[in-house]
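Multiple structures are listed underneath, in structure tokens.
Next, two complexes with chain A in common: one pairs it with chain B, the other with chain C.
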Partner chain A sequence: MSQWLAQVIERAGNVDDWLASARSKALAELKEKEWPGRRTEAWRYTSLHKVADLNLATTSEATTAEAPQVEGLNSIDLVFVDGRLTSDMTNLVLPDGVTIASLDTKNDAAENLFGQVKPQHHLFGLVNDVLAQHGVVIDIAPNANVEQPIRIVNFASDGVESHQRSLVRVGEGAKAVIIEHGAGNGHSLNTAFAEYDIADKAALEHYRLALHEGEAIHVGGSHFRLHNESKLNSTLVGYGSQLTRLDVDIEHAGEHAFAKFNNIYLLAPKEHFDLHSTIEHAQPNGTTEENARGIIGDKAKAVFNGRIHIHRHAQKTLAELNNRNLLLTRGAQINTKPELEIYADDVQCAHGATVAEIDEEALYYMLTRGIDKQQALVMLNFGFVQELLFQMPNRALANWLQPILKQRFERMMEQQ
Partner chain B sequence: MSEQIDQALERKYDAGFVSEIESETFAPGLNEDVIRRLSEIKGEPEWMTEWRLQAYRKWLKMNEPEWAHVDYPKVDYQSISYYSAPKSMKDKPKSLDEVDPELLRTYEKLGIPLHEQEMLAGVAVDAVFDSVSVVTTFREKLEEAGVIFCPISEALHKYPELVKKYLGTVVPKGDNFFAALNSAVFTDGSFVYIPKGVRCPMELSTYFRINEQNTGQFERTLIVAEEGSYVSYLEGCTAPQRDENQLHAAVVELVALDDAEIKYSTVQNWYPGDEDGKGGIYNFVTKRGLCEKNAKISWTQVETGSAVTWKYPSCILKGDNSVGEFYSVALTRGKQQADTGTKMIHLGKNTKSTIISKGISAGRSNNAYRGLVRMGPGAEGARNFTECDSLLIGDQCGAHTFPYIESSNPTAIVEHEATTSKVSDDQLFLCQQRGLDPEKAVSMIVNGFCKEVFRELPMEFAVEAGKLLEISLEGSVG
Partner chain C sequence: MLSIKDLHARVEETTILKGLDLDIKPGEVHAIMGPNGAGKSTLGYVLSGREGYEVESGSVSLEGKDLLDMEVEERAQAGLFLAFQYPVEIPGVSNMEFMKESVNAMREARGEDALSSAEFLKKAKEACKQVELPLDFLKRGVNEGFSGGEKKRNEIMQMIMLEPKLAILDESDSGLDVDALQVVAKGVNSQRDGKRSFIVVTHYQRLLDYIEPDYVHILSNGKIVKSGGPELAKEVEKSGYAWLKEGEVA
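Right after this comes the complex of A and B.
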């Protein structure tokens, strides 16, 4: 066991609130967990030695001022700084059908969601279970059509360890847009886990922006449960930071559910990014489309593990997973593992993974058209991830992200 | 229809019988004394005994791997007898006439009569009956070409320097749990040495056969192809029916020096266990080849037998421009479990590898592909293409794909594709419309599905493999 985890368990003993019974269950599980090493399959390519002896402040006085804004996006912002909700909840103007509550007080929706969607095997998920005292509970009433995005911001400031939790219930036939936005570049550890329950015929548009940089350590997850005929359209955009590890679980718990999941990762030199996605097809007639694309800069390391699990009962499932990667330099590294585990026979499943460098012929073509090499490389490489950016339904968010990602990419090319 | 299916599914294992030959067998159990005695009986040099003991000590510290997608009762390694030899072998037969007729009949039942084999199109057979090699044919013809093809125990006496130089260089004695066990207790196997520039005049083949009850088989094969040489090696197996689970932990090492080429083909049809998965062979095999400059190693396997298969024939592409290939058809039915695939480790520049894996699951079986493609930092311009397709027949089976891709060179290109589907109703309908019965239709569709792999097999194996698949699929259609 690591020194840090021992300390987590000790601190967990001091957390006493209305979620005590759920927390003590998680604590019991956490005590049974071994500290992951190279032989732990889920952490095979991601070393936790930087976390093992971590000793950061667990309280902070930081305020909202530093939290990132998204220009041009008219969203309802719920801002967490170092795990504390700093937005004034009383002044929020909410559209019809939206209820937002803090996790601090007892709440029916929270009771039904806390730890119910997120699989128990995520080590840091359990840490979040026992330590995340603050969070939000978003409840979308049945048949409410909420077009205004709700943005949950997680800002981690230098020298602080923090834990935040989001619980979202999208009622039957309702529509909602949720953005999880993480940021911070100081030496910090932030865990942020979100659980979503999407009822029959409901639709969720979801974004997770894991834009931590520099010395930040960010571990988190977004976990979805899809009921009959529900829809999920999710896009994840990640930087690497010192260590970023995300787990996304999508469970088809009802029939005829549809999930689209796009991921973009853009790793500047020395960053580490690890994404594990698991799609559970537990019911028949489900559809999943997953596309992951990454560009990996010098001495950066990307890990992608995409698992599709089709249960015996889940006939007529259509599932596709595609992972494409570009390594920019010799020092860059990618470890990818698209997995299929299939127990039903009448299904169509495919996965593909590629690792390649830039197409010489395409580059040559552009050079003959008088485009200088650097610019041609940017166009070709960035075009590769931009394709997924164009698929984002929320144009305002895409338009804000596009120049930011492009600038980051140009810097990556210069640093080579 | 379903009656036919049931009948066909209850088909008994064709090669299941026990031949009664008196054997000298060690009492079950494993310790350093057993290894010393084993080594002594085989008259091995001192270094070999020490090598085995080192492997044993490593093995003691290792844990049985649990990461594979297979589930089987734990093997009690102390209940296995580690040596058994047919008694009539005491006074080594010089020709087929001196061989125990009972033994010869065993082979005949299996359809590999040695007399005929001698006349057959240039196939030399090193037949392994339990643990002692019985007869080696065509030895002289091979000797003319300078090719050494003999039991590894004999090679230890005749060519100790060669064996010592290469044994354990590709699969180290502590490589993994089963390889370490094999290194400690291997009884026999084949040794092949192809001198510089020689193209082996015939295809080499070995038939393995597990016979003695409770006897694990620990074969060790070492093939060394010197610069610019070529050899094609065939391995086929079948075993008699019995209830006790039998362990098979073989190690195969291939060394292909500069410009050499080794083609290694396997048809594996060991007893898969009965309808409930009782009995059947545990096949835990370590196979690995090392390619030097411009060398090529090609693994082709057709796996239809065994209760549990754990097998990953691999290539270490160390030399520049070397090539690795893996073609596999794995068919599981009943309660069979297979976790098989390959590892392609690209170290040299411009190395290339191709992986074609076809998995077919029927009945209540589980079939997993597990592969690793690693592009080292020095693998400039390296290229890999992987295709693994799974076919499901019936709704009680499972097909799984676990490909690991690790790349740390920007100029290396890795492509992986996998699909899973079932035999489509449209395909079946089309075939039946043309007058084929459903069984023939499925057999044809599956054969087409496996075509890319069968194409790689030597002629006589391709025929055998096609037939095997057809028999195995009988009654899986509905």
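Right after this comes the complex of A and C.
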């Protein structure tokens, strides 16, 4: 048992709100959990020794923060600072069919979602269950076509531990765009978990930007349940920070659901990034396309674990998972493990993981156009992840991310 | 403009060019024809400096400067352009950033200021129009998912943007239908200004109906075995390469 986790359990006893019954259930499970060590499969390559004895402030003095402006995005912003909502909810102008509520007050949608989509085996998910007192509940009415993106911003301040929760329901036949945007570079611990229920024929365009840097510790998850003929197009963009760990679960709970999941990670020297994704094909005729691309700087460490589980009943599943990595130096490290578990006999699946090398023919082509070798290498290497940026449906967000990621990459090349 | 003297070059252990001589003056268009395996594509690769193509002996100078002493990108900056037979796909790099980087690298080498985004875009739009490529193609990955014809037109569009002194077109006609061929030829002809020189490498005479050469050379077994005017291409069209003496055929 870690000292920190003991403290979490103690603090959980003081949380008393309308979610009490769900929280007490989670607390019971949390008490049964062992503190993960090297032999815990889910944490095999990510050590939690920096969290074990963590002792940060659990209240914050920070009150407001400006969300980073994304030109042309025109989003509805819900800004959390150290887990507390600082946006004025009464001033929000919402499109038709959108209801946004705080987690503080009792809410039907929240009651049906809290802890219902997220699998209960995630240790930090349980921590979030018992401690996240603030959060947001987004309800998209059936058949509403909401083009305006809704952005949930999570800032983590130096010296603070915080927990935030998001619950989203996309009604039957509805369309929505949700962005989870995390940032912070001080010594902090932030957990942010989001649960999404995507009803029949609904479509969700989703982004998770885990742009934590420096001493920040960020552990979070995005968890999706897809019903009949629903669509999910999700892009995750992550840095490493001292420790960034994300769990993504996509459950095909209905037939003919489609999930596209792209992720990009860009690790500066000494950063640590760990992504575990699990796709559950519980029903027939589902499709999953997952593409993960990472560039890893000197002495940085990335962990990618992508599991696709096709249940016995899930015939005619199409599933592809691909992970490619570019190591910038010999000191860079990747532990990648794509896993396919197939119990149905009529499926098409493919998976693979590679450590990429420079495409010599592409390099030659660029040189014949007069581009200097160093610059050509920067463009080619960055192009490796940029390819996934090109696939983001939201061009404003992609155009905002492109120069930020490129600058980060150029600094990574200089630090070699 | 370009002077090649007794050029011998090999790929791995095989010598492909075996004493090639060629002199090109400013503004001239030289067609190089020849059977498969004669060394036509090798010439373009050797001149551009591709890795793995090793010069054994001979010399090449571009405007009096030793071309063989330069890196690949320096040759390009000196004014050499190679339109690829098989243009390379680079999915993660957009045509826009690729061309902007390239155009500005050339400008810098010529001692000119870099183009602003607006200036670049204007020029790129004009070039796109000239080769009949839709504008949105600038945002796509370099050659990504392009048809064979689009790739060839993209090469010509790059040539228009980069304003080289000498352009080598390596089978820019292969795989094109007549309409696409005319677009390519029109793009090339628009760049004939009496100063810029061209080497048009082709297997068939067809392209030369649209791009009229000043000279035609027949390359066989690593050297030029016959040179003449445009009428030589017609002769090849009529009788093929069978007339080449045994031993001259690769």
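Definition applied: the second predicted complex is superposed on the first by the 401 of 416 C-alpha atoms of A that agree within 3 Å, B and C clash if a C-alpha of one lies under 4 Å from a C-alpha of the other, contacts with A are read in each partner's own complex, and residues count from 1 in each chain.
In this text, a residue touches a chain if its C-beta (ideal position, glycine included) is under 8 Å from a C-beta of that chain, and two chains touch if they have at least 3 such contacts.
Since the model is a prediction, treat every value here as computed from it, not as a measurement.
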item	value
Which superposed partner A:Arg369 touches (first chain B, second chain C, both, neither)	second
Chain C versus chain B, contacts on chain A by residue	B
First, second, both or neither for A:Glu361, with chain B first and chain C second	second
Which of chain B and chain C A:Val385 touches, first, second, both or neither	second
On chain A, the residue positions that both chain B and chain C contact, one per complex	none
Touching residues (chain side chain C, partner chain A) in the complex	48-51, 71-73, 75-77, 81-82, 84, 87-94, 97-98, 101-102, 105-106, 109, 140-142, 158, 162
Chain A residues touching chain C - in the complex, by the definition given at the top	359-362, 364-373, 375-376, 379-380, 382-387, 390
Residue ranges of chain B touching chain A (in the complex, touch as defined)	67, 69, 375, 377, 390, 392-422
Chain A residues within the chain B interface of the complex	41, 45, 312, 315, 325, 327-357
